[in-house]
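Below are structures written as structure tokens.
You will see chain A twice below: alongside chain B first, and alongside chain C after that.
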Partner chain A sequence: MLHFYIFLPFLAALLIGISAKRVSRIHTGWFVLPVPVVLFILFSTKMPILAEGKIVQSVANWIPSLDIQLSFYLDGLSMLFSLLITGIGSLVVLYSIFYLSKKEQLVHFYVYLLIFMGSMLGVVLSDNVFVLYTFWEFTSISSFLLIGFWFYREKSTYGAQKSMLVTVFGGLSMLGALILLSITAETNSIRTMIANRSEIIESNLFIPILILLLLGAFTKSAQFPFHSWLPDAMEAPTPVSAYLHSATMVKAGIYLVARFSLIFSGSDEFFIIVSGIGLITLCIGSFLASRQTDLKGILAYSTISQLGMIMTMLGFGTGAAALAAIFHIFNHATFKGSLFMIAGIVDHETGTRDIRRLGGLYTFMPISATLAFFGAFSMAGIPLPIFNGFLSKEMFFDSSLKLEQTSGFAGLFAEWAPILAVIGSIFTFVYSMYLVFGTFTGKAKLGQLEKKPHEAPIGMLISPIILIVFVVLVGLLPNLINEPLLAPAVASITGDFAITHLAFWHGFNTPLYMSLIVVVIGTILAFTLKKWQPIYNAIPGKFSSDYWYQSLINGLLKFSSVFTKSYMTGSLRLYTSIILVFLTASTSIFIYVTDGFKISFDDLAPVTWPEVLVGFVMAVAAIATIWMTQRIAAIIVIGVVGYGLSLLFVFFRAPDLALTQLIVETITVALFLLCFTHLPKLKKSDKKSSEKLVDFVIAASTGALLTIVAISSHSSKYFDSIAKYFVDNSYELGGGDNIVNVILVDFRGLDTLFEIAVLGLAALGIFAMIKYRDKGDMNH
Partner chain B sequence: MQSSNNLILKTTTTIIVFVILAFSVNMLFSGHNAPGGGFIGGLMGAGGFLLLYISYGLQPVHRILPINFTYMIAAGLLIAVLTGAGSFLLGVPFLSHTFAYFHFPLLGKTELATAMLFDLGVYLTVIGVTMTIILSIAEDKIEREAEEGN
Partner chain C sequence: MEIVMSILAGTLFAAGVYLLLQKQLLKIVLGTALLSHGAHLFILTMGKLNRGAPPILEKGIKIYTDPLPQALILTSIVISFGVTSFLLVLAYRTYQSNKTDMMDQLRGTDDE
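Presenting the complex of A and B:
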């Protein structure tokens, strides 16, 4: 059945793509909406099965010879993600129906969105690592298409390209890790890998696997230093930002780490890398969020920092931390989704997302404002038990305090973790307050807005209302989702199924004091934000990841351009030199390495004086050609070489060759004379003597090489020539005494056939070049 | 290659051309057993035609010998390919040759080989190729000079 769940969105995308344009009066989104809703209900019905600690699975063959099967399974972790994908997917589709006008290219939008939904389901449900990778790249591609949805905007295409480059870079490293994993574990199934995890841990490929896999997870989940694509992806339509870049796709990396943490967790490397990067991301993301002026920019950095927090908890690797991480995944999806939707509403109803131009919207849009306050307070972790964000943040503090790492660098790091967590949370508090108070309180600047603000239509508000209801409901009654949803999910990370009771109120303990510190310092910082905001300007641009990305791309483009231009100059002379140098160098190295040079004086014919004389004249003529100042003279001197060759053929008793060489040489010389009269006089070479020297060295070494090759190949005959067969059978089989001719027309007639075909083509080519030369000009 | 009033050249040409062409045909036919063959024969034949063109000029020769050398290439290639394809009729691989000896009146015992037909294809192609190349260039040169003259 799981196959049907995953391929339903793809099927729907196909149907919508074909048929939606025919029913243009109804918004396409209404046809899409049933898909995630039905899937959500179907997934929900499986919850009781999981609560008993069982799993659902289904297998189908795809490429059996490579052991790649479409094997899907639904355990607690997959269930949590599937419900988020389909649940928030439904809400986002509903929201987008009211957000996007019918003038937009809705078919494209929903097709991309459905493809994304299906592939995301594929990622979280796959058991086969290569199927997982396939769906992973599908999410990258559909996300790329969605970010560039308004493709006529330069910023959209820039953001789309950036996210594509970063996530595909990570995706490919992940593929590397998956291949190494499947080699090490000798299986393609994730669950078998987890079962045989000792093989992987003990193998010497452990560190490469870990790093490559984490590269994939970090790029997808926008962790430091790969976070810079996420703020640029905010050029996507807001439903996309709400869906992909807060609730689902950016959590694919989280999913990956959670899924494989049964293998890696416990190792110091995993702890330091994942928690370290997570904490850095948490602090940097939350610190930079208050710098932004764009509502979605703030939310993007906030997403980065929250993802960092989840990553940190996954890195801790304790049962409590896993529960906190899972709980926060759920909470973050609810409040961040609703905040994005409200940012979209503000944008939609006022015409701007610039927080400097917004303010005092509370009176104009009271419902949205209330929702935003709930969402932001939950995000900040205000210590009131009606916000689910507070509960998961408490658990985060708690787990950071109870780290068991005691020795070495990991232990040192573990001591610092709670402090960093508090610092990150303080800034989280600051930007959350900055976001809601800056938008909804203060004086309204109606003059700066494009539209007169008013409350959004009810259809747009339904989705954020539902999400905020979850925020409060889960905040009040955390055990509502604990038993059916969180416990099985934690079980898939930690490996044992145990229901931890989520306390509604922890009482007065260290985490609560940490929360209070966060609130006190956060409030002070939030009130004095205007005073210390100039600090941001003091940070040089060099420290931003944008700067590094941009200089990397520019540097790469510049380097490849300079590199290509350095040898692709268009000069045939240079290309010839390169070819000759490469030929000479590679062949000489080969001869040297294989000790291929041989010289033997056996089997040599006696040298006669006429041969020496002719050879000497040919050599003199060949060398003399170089110094000729006129073309005609050069042609005639070259002719001497040709006639000398035909004389040598006579000496070597090859009458057919001699005749052919004689006539061909005559015709060639005649043709040269005919053509070269058109050419201007030879210019005196203006090359420097150093360049001439280089040319000379290249020419001389190529000549020397060919001489060596000729000597060596003559000296090392490993088997007899087949010539004897032709000599013996020429008359018997070919009916002729002229062996050369019999070979040409009978034994090897095919060669001759194609040689005359070459001649014919050459003649036709010359004919066409000459006769149709001016036709082009005449047509103009 | 314009016609000139060079009487000695024209007179010797008329005699020599026949010798050359006869030698070229001889080369073609004797190629199987003595030095020669389609390729050399063809080049030699082209040489004979060239001599005619050199002494009499393009137009007069073309009037007497209205041969389209470009078609000759096609004819030669066709003959060569068909010779090869003919072996299919007897159920043997492409380009398989055979030969037999016959007794003709006058000629006596004569060898006839299918390879000869193939060589004929080579012969025609080579003549066609050489003449096409040289005539194309020569005609072009004459046309250009005529244009520049105007």
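Presenting the complex of A and C:
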């Protein structure tokens, strides 16, 4: 059944790709919308099964010889993500119908979106690590395509490339981790790995696996220092930002950490790396958000910091923290999704997303503004029972106070965690206020806007309204989603199924005081933002991860161009030398390493003088060609070698070869003579003696290598020649006494056919070159 | 004998490679001719030399020299003849079009 769920979006992508252009009167989005809606309903019907603590699974063989199965299973964690993917997916598709005009390349857009949807479902449902990896890279590719959707904009292609490079780098690291995992645990199934986790925990590879896996998770979830691709990804159309870059794809890293958390959590390294990076990301992301002037830029940094917060909670590893993390994944998807959609509406209705040109929009678009206030207040964690963001944030504070790590560096870090959590949350409060108050209150600057602002069409408002309804509803009645959705998801992270009652009021306790500190300091900072904003300009550019990314890319490009230019000089002689040196060196090293050189004098033909004499003359003649300055002399000397060879053929009982060689040699000499009149005289080499020495060394070593190979292979014959077959069957099967001829025209007839073809081609080439010589240069 | 011939093949090869690295087109063509001679001798030596009668069936003779290398070489002789003549004409045409037969003046243009 699950196969069908994952396959459906891909199938829809195919159908849309083939057929949608024919019915252009209706917006393509309407054909796409049923896919996520149907999937959402189908997934919802499975909820009761999960609430009982069971799982749904389906398996099909894909590459059994490599132990790669398409095995999918749906547990609480997968269910939460599947519902987010299909639920937010439905709302985003609905929203995009009104956001994107029919003039855009809608077919491309929806095909990419559906591919993403299917592969994201694949990521969260796969049990086989390599299937998971395949889908994981598919999400990177579809994200790349969607960011670059407006490919004619330079910034889009830059952002697309950046996200691709960063996430694929992480993906490859993750592949390394998965390979190590499957070697260590001797299985490719995640569930079996978790069941046999002691093998992994005790192995020497534990730390490398952990680091490589986290590299994959951190790059995908835009954690420090890999966060800088996410703000650049905001060049994508807003529905994509709301869907991939806030609600789903960037949470794939979170999913990965949560999924493997049963194996890793409990180790101090996991706690320090995941929570440490998470807290740094939380603080840096929220601090930098108030610096942005683009609405989506603020939201991008906000997403970074919120992901950092979820990551931190997963790093904590306690049951309460896991619940808080799961709860916040849900809450973040609701309020951030709606805020992105509102940002898109503002962009759509005013023509700009620059917060410096916006302001006072409350009067013009009251519904959007109200929704935005709800979303932002929930994000800021205002302590009112109608904001779900407050509930999960307070659970975050609470869990940061109840860490189990007490000893060593981990213990020290655990003491600092609550303080960092509060600092990060203060800046979260600041940018949330900056976002909504800057956009919707104050004096309207209508002169700076491209259009006169007005409220968005109802179709665009439906999706954010639904999300905000969830914000309020979950804020009021958090236990509504607790038992069916949150508890099973937490069970997949911690391993035990337990229902914790969620409540707004816990009495006057430390988390509440922390929240109050956040609100008070946050309000002060938010209202004095203009005064302290210049601090941002004091930060040197060298500290930004953008700077490092750019230096790395520039360095790489420069290195490859310098390196390539160093040997691609256009000189064919240099290329020949490189090839020969490489051939000689690699073969010699191979012979040396494998001890391949052998010489045996056992099985040799007797040395007779006529052959040796002829051979000596040939050798002298061959060497003499090097110094020939007379063309006629060069031809004669070459002829000596050729005729000498045919003499050798006679001695070595190869009559056919001797005849052929004689004929060919004669024709060749004639050809050389023919070309004489047209070719310039041979000149003495004007090379420097050092160049000559290099040539000599290359030539001598190539020759020596050939001799060594010849002697070694003659001295180590492991089996008899296959010639006996031809000798025995030449007459019966081929009907001829001359074995060589029978081989050529019968046993290996096809070889000869192609040989004739080669000769024919050479003749054609020669004919063309001579025939068209008077018709000017071919280049003209 | 095989060892002597191996050395001869290596010598032909070395001379061929040296010519291949020269600047003048005609020398390069001569080099390829030497290379193919060396290769033929190499293949023939691989099949052991002088181990019987010429490979033409005759009554009463049981042992023949290995016919397989000979068949391979026969193919190769013809092909290398084709290649040599092609290269010669190519050299001639190159000289006609470019008025030079020196390799270092025959590099491609920058915008290639």
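General observations
Basically, the second predicted complex is superposed on the first by the 566 of 780 C-alpha atoms of A that agree within 3 Å, B and C clash if a C-alpha of one lies under 4 Å from a C-alpha of the other, contacts with A are read in each partner's own complex, and residues count from 1 in each chain.
As a convention for this text, a residue touches a chain if its C-beta (ideal position, glycine included) is under 8 Å from a C-beta of that chain, and two chains touch if they have at least 3 such contacts.
Not measured: the values here are computed from a predicted model.
With both structures placed on the common chain, the touch criterion links A:457 to neither chain B nor chain C. Looking at the shared chain after the overlay, A:366 reaches neither chain B nor chain C. Within the superposed three-chain model, A:737 lies in touch with chain B and with chain C [touch as defined at top]. In the superposed model, A:555 lies in contact with neither chain B nor chain C.
In the superposition on chain A, A:53 makes contact with neither chain B nor chain C. Once chain A of one complex is fitted onto chain A of the other, the partner contacts of A:771 are limited to chain B, with no touch recorded for chain C. Legend: residue contacts after superposition of the two complexes on their common chain; A:759 is shown touching both chain B and chain C.
The partner of chain A that touches more of its residues, comparing chain B with chain C, is C. By the touch criterion defined above, A:704 lies against chain C but remains apart from chain B after alignment on the C-alpha atoms of chain A.
Of the two partner chains, chain B is the only one that A:750 touches; chain C does not reach it.
Under the contact criterion defined above, the residues of chain A that touch both chain B in one complex and chain C in the other are 655-656, 660, 664, 667, 671, 675, 737-738, 740, 744, 752, 759, 762-763, 766, 770.
Residue ranges on chain A touching chain B, taken from their complex, read 655-656, 659-660, 663-664, 667, 670-671, 674-675, 734-738, 740-742, 744-746, 749-750, 752-753, 756-757, 759-760, 762-764, 766-767, 770-771. Taken together, the chain C residues at the contact with chain A in this complex read 1-27, 30, 33-34, 37-38, 40-42, 44-58, 64-68, 70-71, 73-75, 77-79, 81-86, 88-93, 95-97, 101, 103-104, 107-108. Contact residues of chain A toward chain C in the complex are 569-573, 576-577, 580, 599, 601, 603-608, 611-612, 615, 618-619, 622-623, 625-626, 631, 634, 638, 641-642, 645, 648-649, 651-657, 660-661, 664, 667-668, 671-672, 675, 678-680, 682-683, 685-687, 695-696, 698-700, 702-707, 710-711, 713-714, 721-723, 726-727, 730-731, 737-740, 743-744, 748, 751-752, 755, 758-759, 762-763, 765-766, 769-770, 773, 777-778.
Against chain A, in their complex, chain B makes its touches with residues 31-40, 43-44, 46-47, 70, 73-74, 76-77, 80-81, 84, 94-95, 97, 99, 111, 113, 115, 118-119, 121-122, 125-126, 128-130, 132-134, 136-138, 140-141.
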